[in-house]
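In structure tokens below, several structures.
Note that chain A is present in both complexes that follow, paired respectively with chain B and with chain C.
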Partner chain A sequence: MAYSTKVIDHYEHPRNVGSLDKNDEDVGTGIVGAPACGDVMKLQIKVENGVITDAKFKTYGCGSAIASSSLVTEWVKGMSIDKAMEIKNSQIAEELSLPPVKIHCSVLAEDAIKAAIRDYQQKHGTPAAE
Partner chain B sequence: MTDADYFGLLGVERRWRLDRGALERNYLERSQASHPDGFIGQDSGTQRAAMERSSQLNQGYRTLRDPVLRAEYLVKLGGTDLDSSDPRTGAPKPSQAFLIEMIDLRERLAEGDVAAVREEIEARAEQALDAGIAALDRGEVAEAARELVARRYFQRFLDEVDASEERPT
Partner chain C sequence: MIDRPIYLDYAATTPTDPRVVDAMLPYFTTMFGNAASRTHVFGWQAEEAVEAARREIATVINADPKEITWTSGATEGNNLAIKGAVEFLRESGKKHVITAVTEHKAVLDTCKYLERHGVDVTYLPVDQDGLVTPAQVEAAIRPDTALVSIMFANNETGVLQPITEIGAICRKHGVLMHTDAVQAFGKIPLDVEAMNIDLMSISAHKIYGPKGIGALYVRRRRPRVRLAPQIHGGGHERGNRSGTLNVTGIVGFGYAAKLARESMATEAARILELREHLRQRLMTEIPHATLNGSPTQRLPGHLNISFAYVEGESLLMGLKDVAISSGSACTSASLEPSYVLKAMGLNDELAHSSLRISIGRFTTLEEVDHIADLIAREVARLREMSPLWEMVQDGIDLSTIEWTPH
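This part shows the complex of A and B:
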């Protein structure tokens, strides 16, 4: 399958690969999986005063899944958590020109950032929106 | 397809434990009977039907002779398509604890100890398949689907181990 140049760029030079301390009060961790293919994605955010100051990910999956999570970590840095909660998989898919069979990779990345935000909110006793 | 499913198409009983001899025999017989060469000179509709049947037989045979594909196919006949991400009819999502374990496994792999990790996961992939088959035997499709999804995660992990070992360093 032909990957778009943006996917290849993120795949070859993934941004923000790594881990944050999941026990840190300011860190939210989201772990999601795509059961159909066995991809696993961990996405973490560090939040200060409602703003995401750092984001890291580890994705074990195909190029599109890696690119989707890499892109999301790039996007959310400097974003408020409310704004980050609004990220839609369609925006990710569009930015990376994902073909229809790879749309689920962008869904995974959306699920991961939402799960990370919810984890952070739970740590702080904020009722998880949605 | 006139026959309801691959089991019917290939004339074997619809269950995981199947009669391998009958599968091989029926596949060969039925493939010969619908081989496109036997339909040369006939109208295009008949030829096309023969070709479609041949291709269905090939696909059915490939699916049924493989222990994993056969189990996954039975789950699909039970209403759960493991290749789909549909929340209702697709592959069931594994637990958060399971996903965390899958991440931890990768970290253990990065620390070395490849042989031990591989052996452990190969065993667990096999256990998951066995548990899935046992659930199918009991008619518990949802349980079988969960086990077979776990098996896919283990398999995916083993594929990654293989790929990392083949990569020249």
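This part shows the complex of A and C:
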């Protein structure tokens, strides 16, 4: 199976790899997936005044999973959390030209950003918006 | 510096040796006859070449040439051996087959087909080294057992089953013994007499011969093995397998077998040395690397290693211009990680993190060192990106975490 140039680019030059302090009040952390399934994503956001000012990820998974999470961290920086909540896996899949067998990687990335936002909202007592 | 793709997937297939291609060429053009044509020189030439190749194959396994049936490959050989023997023996009330969970799909799916048609199949588990014990086989034998089918060497791990001992048990109980020897043939000494083997599937493309040609050894004496043919037609191959013979392929297979026999001792020693060099480098330079399968009971060229906390497909992606395979689900059509590794007790994560590297005739020390450098570099890079690696560095036990499977 050939990878798209965008997947290869994110795999070879992943954006925003790293970690934020998960105990920081301004940081939301989402960890989704399972080692047994072959992919685990950890996505973290730093939020100031409702806007995501920083994002970091670490991913255990195939090249498409790494690319999906890398892409999402790039997208959400500078976005309001409401807007980030609206990111759809189909947008990620389209941007990276993922084949059908890799769609679950984009689903996982969507789940990861939503989980990070919910974690942040819970820290601040905001009801988790679906 | 190496600037061409490196092939380290010899267990999947091998390049055809140029000497084999040279031996085949005349049979495409000038000596193109049908080996079944009895009335002219074209047919006689083809038949002569086919019989010479049959003798070459028989010599490698200490069989009689009459015991070699040509097939299209080991998948067909496995189908013919298992379905053919069981179909024939069913008339005498035998309807039980014993095999192992780590067999190739060509054996497992054939057994599942037979199950749908009223045959009982026992799938023996393997231990953590990937081995079946002779005692397990003996305990599973029933009065109505027709056949035991245990592979000689596993395609993913290279682990060698105790075939001689299993063969002796089968002989003692009057049960037929089939072995899928596609990975072992031409690589290590095989002897159907000393090993009590009744049926053996082999293939040319694993020993530097062409694809699309294989053979099934079918014992003729003590006991005489009878098979119900699976392909009906003109009665070629003593009625075992009809169809015009693939003369060019057969000539190539015969020549490849001759080369393999002549160079076996020196080639196996050279390949083993390369593999051990690679294994030692990978396991000393990379932490949390584990060898899958018995460290001693294995083919010279196979290496299967898990690099924990790194997913196999992403690792392969980093090993650009290197051809190897992985037990990761992401590299298979089924999205399931290797059933062979899981049967050996590996958890899904370690199965996802495995690489199979297989070394062969044309592998050099320079290539092996290059791949060791690349793997060490990429594993380190991907671990820096791995949340699992981070948790382990922080002293978190991954088994205590509640994951969200998807």
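Rule of thumb we're sticking to: the second predicted complex is superposed on the first by the 127 of 130 C-alpha atoms of A that agree within 3 Å, B and C clash if a C-alpha of one lies under 4 Å from a C-alpha of the other, contacts with A are read in each partner's own complex, and residues count from 1 in each chain.
By definition in this document, contacts are C-beta pairs under 8 Å (C-beta built on N, C-alpha and C of every residue); 3 or more make two chains touch, one makes a residue touch a chain.
Since this is a predicted model, take the numbers as computed values, not measurements.
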Residue contacts with chain A in the superposition, chain B compared against chain C: C
First (chain B), second (chain C), both or neither touched by A:17: second
First (chain B), second (chain C), both or neither touched by A:38: both
Which superposed partner A:104 touches (first chain B, second chain C, both, neither): both
Partner chain(s) touched by A:60 [first = chain B, second = chain C, both, neither]: both
Contacts on chain A seen with chain B and repeated with chain C across the two complexes: 31-40, 42, 58, 60, 104, 107
Of all residues in chain C, those that touch chain A in their complex: 309-311, 313-314, 317-318, 328-330, 335, 337, 347-349, 352, 384-390, 398, 403-406
Footprint of chain C on chain A - complex, ascending: 3, 8, 11, 14, 17, 19, 31-42, 58-63, 65-66, 101, 104, 107-108, 111
Chain B residues touching chain A - in the complex, by the definition given at the top: 82-85, 90-94, 96, 98-100, 102-103, 106, 149, 152-153, 155-157, 160
Residues of chain A touching chain B in the complex: 31-40, 42, 58, 60, 104, 107
